[in-house]
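Quick one: structure below, then a few questions.
Labels for the chains are A, B, C, D, E and F, by order of writing; each one numbers its residues from 1.
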Amino acid sequence: MGMLVTVYRKEHFNAAHRLYNPTWDDAKNKEVFGLCNNPNFHGHNYDLVVKVKGPVDPDTGYVINLKTLSTIIKAEVLDRYDHHNLNMDTDEFNPEKGGLIPTAENISVIIWQRLRKHLQENLQLTVILYETERNFVEYSGD
Amino acid sequence: MGMLVTVYRKEHFNAAHRLYNPTWDDAKNKEVFGLCNNPNFHGHNYDLVVKVKGPVDPDTGYVINLKTLSTIIKAEVLDRYDHHNLNMDTDEFNPEKGGLIPTAENISVIIWQRLRKHLQENLQLTVILYETERNFVEYSGD
Amino acid sequence: MGMLVTVYRKEHFNAAHRLYNPTWDDAKNKEVFGLCNNPNFHGHNYDLVVKVKGPVDPDTGYVINLKTLSTIIKAEVLDRYDHHNLNMDTDEFNPEKGGLIPTAENISVIIWQRLRKHLQENLQLTVILYETERNFVEYSGD
Amino acid sequence: MGMLVTVYRKEHFNAAHRLYNPTWDDAKNKEVFGLCNNPNFHGHNYDLVVKVKGPVDPDTGYVINLKTLSTIIKAEVLDRYDHHNLNMDTDEFNPEKGGLIPTAENISVIIWQRLRKHLQENLQLTVILYETERNFVEYSGD
Amino acid sequence: MGMLVTVYRKEHFNAAHRLYNPTWDDAKNKEVFGLCNNPNFHGHNYDLVVKVKGPVDPDTGYVINLKTLSTIIKAEVLDRYDHHNLNMDTDEFNPEKGGLIPTAENISVIIWQRLRKHLQENLQLTVILYETERNFVEYSGD
Amino acid sequence: MGMLVTVYRKEHFNAAHRLYNPTWDDAKNKEVFGLCNNPNFHGHNYDLVVKVKGPVDPDTGYVINLKTLSTIIKAEVLDRYDHHNLNMDTDEFNPEKGGLIPTAENISVIIWQRLRKHLQENLQLTVILYETERNFVEYSGD
C-alpha cells in the first residue's frame, strides 16, 4: 500500500440564494440574517475545494485521478448548482419544502453527502466552500 | 499643480442577476445568453476597482482622499446593489422597465455614470468590474 | 445537535513592529533577527483568518453568526492593532515592559487568547496570521 | 527594430510610515489622515510592479532582461526601503527635512524617478505600487 | 452604436520551453538566459488574459460574447500549446527551424497574431501573458 | 517549553515533467495520464508551502528561524528542481531508472523526505505542493 497523501481539486460555481427561516416572522429573519435575507435573492461566486486523503497507487502515482474526481464534482455539484437559484431550483435548499437554509455551512454538508457516495471507503473526504474570499467553511463528515 | 498619478480603490458587492432581452423569444434568449438566462437568477461576488487619475495635491500627497472616494462608492454603488437582485430591485437593470440588460459591460457603464458626477472635472475616471476572476470589463467614459 | 462544521472569517490590519530581545546585545539581535531588527521599525499588512469549529444550529444554519464573530475580532484585534506600532502602542508586545517579542508566532498566540474568552466552550478556535504572503503561522491553543 | 511589448516585474518590500504635514496642527493632521497619522507609525507589505515598454530585441526575444531590471530595482528601491521606516530612515519621505509626505502617490513618484535614470531613453516606464490589496497607485512620469 | 467598453477573458495553459539562440555558443546562451537555458527544458503555468475593446451591442449588452471569444482562444492557443513543449511541438517557437525564441514577449506577439484574424476590425485586441506571478508581458499590436 | 505553533513558508520553482509508466504500453499511458503523457514534456510553476509545527522558543519568539528553513528548502528543493526537467535531470523522478512517476503526490513525498532529515525531531513537518491553482497535494509523513 502506498503512502497517505491528500489531494485537492478546486472548482467553481455561481448561484443565487436567500437566507430565511420560514418558521420565523420577517423581523426575526431580518435581525438574524441581515442583508442575506433580501427577498429577491442575491448571489455569489462559490469556490469549492474538494480534499481527498488516501494511499498513493504505485502504478499511477495518484491517490485518485483528478479527472475522475472532476467528473464526479461536475455531475453532483456544478450541473446542479451552477447558474441556479439554490432556493428555487432545488428542494434541498428550499426551507419551505423541508430543505435546509442555504448557508455556506449547510451547502458544504450537502455537497459532502453528494460526493461521499462516489468515493471508495478508504478515502477520507473534506469539502471547503468559499462564499466570499473572506467567509468560508469546511466539512469533513463529523 | 502636482504630478499626474492614478489611484485605485477596490470594493466588493454580491448580487443576483439574469440576462435576457424581452424583445426576443425564449429560444433566442437561451441561445445567446446560455446558463446566464436561467429565469430564477444566479449571482456573483462582484469586485469593483475604481481608478481616478489627477494631480497630486502637495499639501496632502493625495490625488483624492480614498476615504472620500470610498464614501461615494458606498452611497452610489454598494448601498444600491450589494445583496440585491439587479433585475428586480433596480429599474436601471430591469429590461422590462426600459432598463439595460445587466451584463458586466452595462453594469460598468452605469456605475461610471453614477460616480462621475461626484468627481471634480479635472479627474479622469475608469471603472473595472470583475464578474468572476476570469471575466471582467473596464469603462472609461468613451 | 447539528453537524460539526468549521467556519472561517478573514480580516486585515496594518501595523509597525520591530523584533529584538532586550536581554541580548545589538550584535546578537542583528544576527538572529536580521532586517527585522531595524531600530526604527518596519511594517506589514497582516491578514488574519479566524477559524471556529462547532455544531451547526438547525434554526439558523450557522455555527456562529459571522457578524458576531467580526464584531469580536474588531473589538479585540483591529481596534487595538490596526494602524498601530505593536512595540510602542501596546504592552503585550513591548519586550522592555515584559511583553513578548512581536513575532508572527507570538502575535497569533495573543490574538487567540484575546478571542478565546468570547466564544462558547463547545467551539474550537484556531488563529492563522499572515505576516506576508510567504510567511504565516497558525495557533490552536496547544 | 522589434515590435513594442510591455514587460512587468513584481517585487515586494515591507516598510513603516506615518502621514502628516508638519505645517498643520495635530487636529488638522488627524482630520485629513485619520489612522494613518498615528505618531508611532504603522506599516505595510508594499507590492511594487515595474512596467517597461519598448521594442523586442530579435537576438534575445527580450525588451529588457528581467534579471537586469530586478538588479536595478533591488539597488534603488528594495535595499533602501525594505524593512525600513520611510519617515525616519530616508530624507525623501521625511516632511520635516523637506521630504514628501509618504503617501502611496508620492512613493510611486520617487520610485519612478530613481528607476528612470537607469533605463534607456526609448523605454517607457510606469510604476504601480500596492499599499494594500485594495489601495494602489500608478505613475508614468506625467 | 454602443459605448466603448473593454472586456477581459482569462485562460490558462501549461507548457515546457527553453530559451536559446542557435547562432550563439553555449557560453553566451548561458550568460544571457541563465537557468532558462537548461537544455532539458523547464516549464510554466501560463495565465493568458485576452482584452478586447469595442462598442457594446445594445441588443445583447455584450462587446463580444465571451463564449465565442473562449472558443477562439481554445482553438488558436490552448489546443496548440497546453501540455506541450513550445520548442519541440511547434515550429513558431523552434529557433532551429526559423522560429522565435519562446520568451514571454515573443509568445504574446504570436498569440496576438493568431487571435487577431478572428476578430472584427472595429475591435482592439491586447494580449497579457503571465509566465509567473512576478513576470508578465502585454502586447497590443504596436 | 513554549506553546505549539505552526509556521508556514511559501517557495516557488518552475519545472518540466511528463507522466508515464514504463511498464505500460502507449495506449494505456495515454488513457491514464491524458495530456500529461505528452512525450516532449510540459511544465508548471510549482508553489511549495512548507509547514513546521513545534514549540515557540521564548528567547526568539520563533518556532524555527524562517531564514534557516528557507536555506534548507533552497539547498534541498529549489537548487535541485527549479528550471529543471524532473524526468531527465533527476534520478528520483525518472521511472526508467527506478524513480517514481513525477505526479504531485510523489513529488510532495520526495520533498518531505529531503527536508525531514534537516529538522529537529520534535518538529512536525508537512509539505503542500501546488501543481496549478486548482490541483494541489499535501503530505505529512503518514
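Criterion: a residue touches a chain if its C-beta (ideal position, glycine included) is under 8 Å from a C-beta of that chain, and two chains touch if they have at least 3 such contacts.
Values in this document were obtained by computation on a predicted structure and should not be read as measured data.
Touching chain C and chain E together: D, F.
Touching chain B and chain F together: A, E. Different-residue interface: chain B and chain D share under half of the residue numbers found at their contact. Fitting chain B to chain E on CA positions gives a rotation angle of 120°, reported to the nearest 5. As a whole-number value, the distance joining the C-alpha centres of chain A and chain D reads 42 Å. Our note on geometry: chain A versus chain F, Cα centroid distance of 29 Å, whole angstroms. Counting only residues that touch two or more partner chains, chain C has 133. Here the chains touching each other pair up as A-B, A-C, A-F, B-D, B-E, C-D, C-F, D-E, E-F. Note for the complex: chain B touches chain A at residues 12, 14-17, 35-36, 38, 40-45, 82-85, 88-89, 132-133. Only residues 3-11, 56, 59-63, 65-67 of chain F touch chain C when the two sit together in their complex. Note for the complex: chain D touches chain B at residues 19, 21, 32-34, 100-106, 108-109, 133-139, 142.
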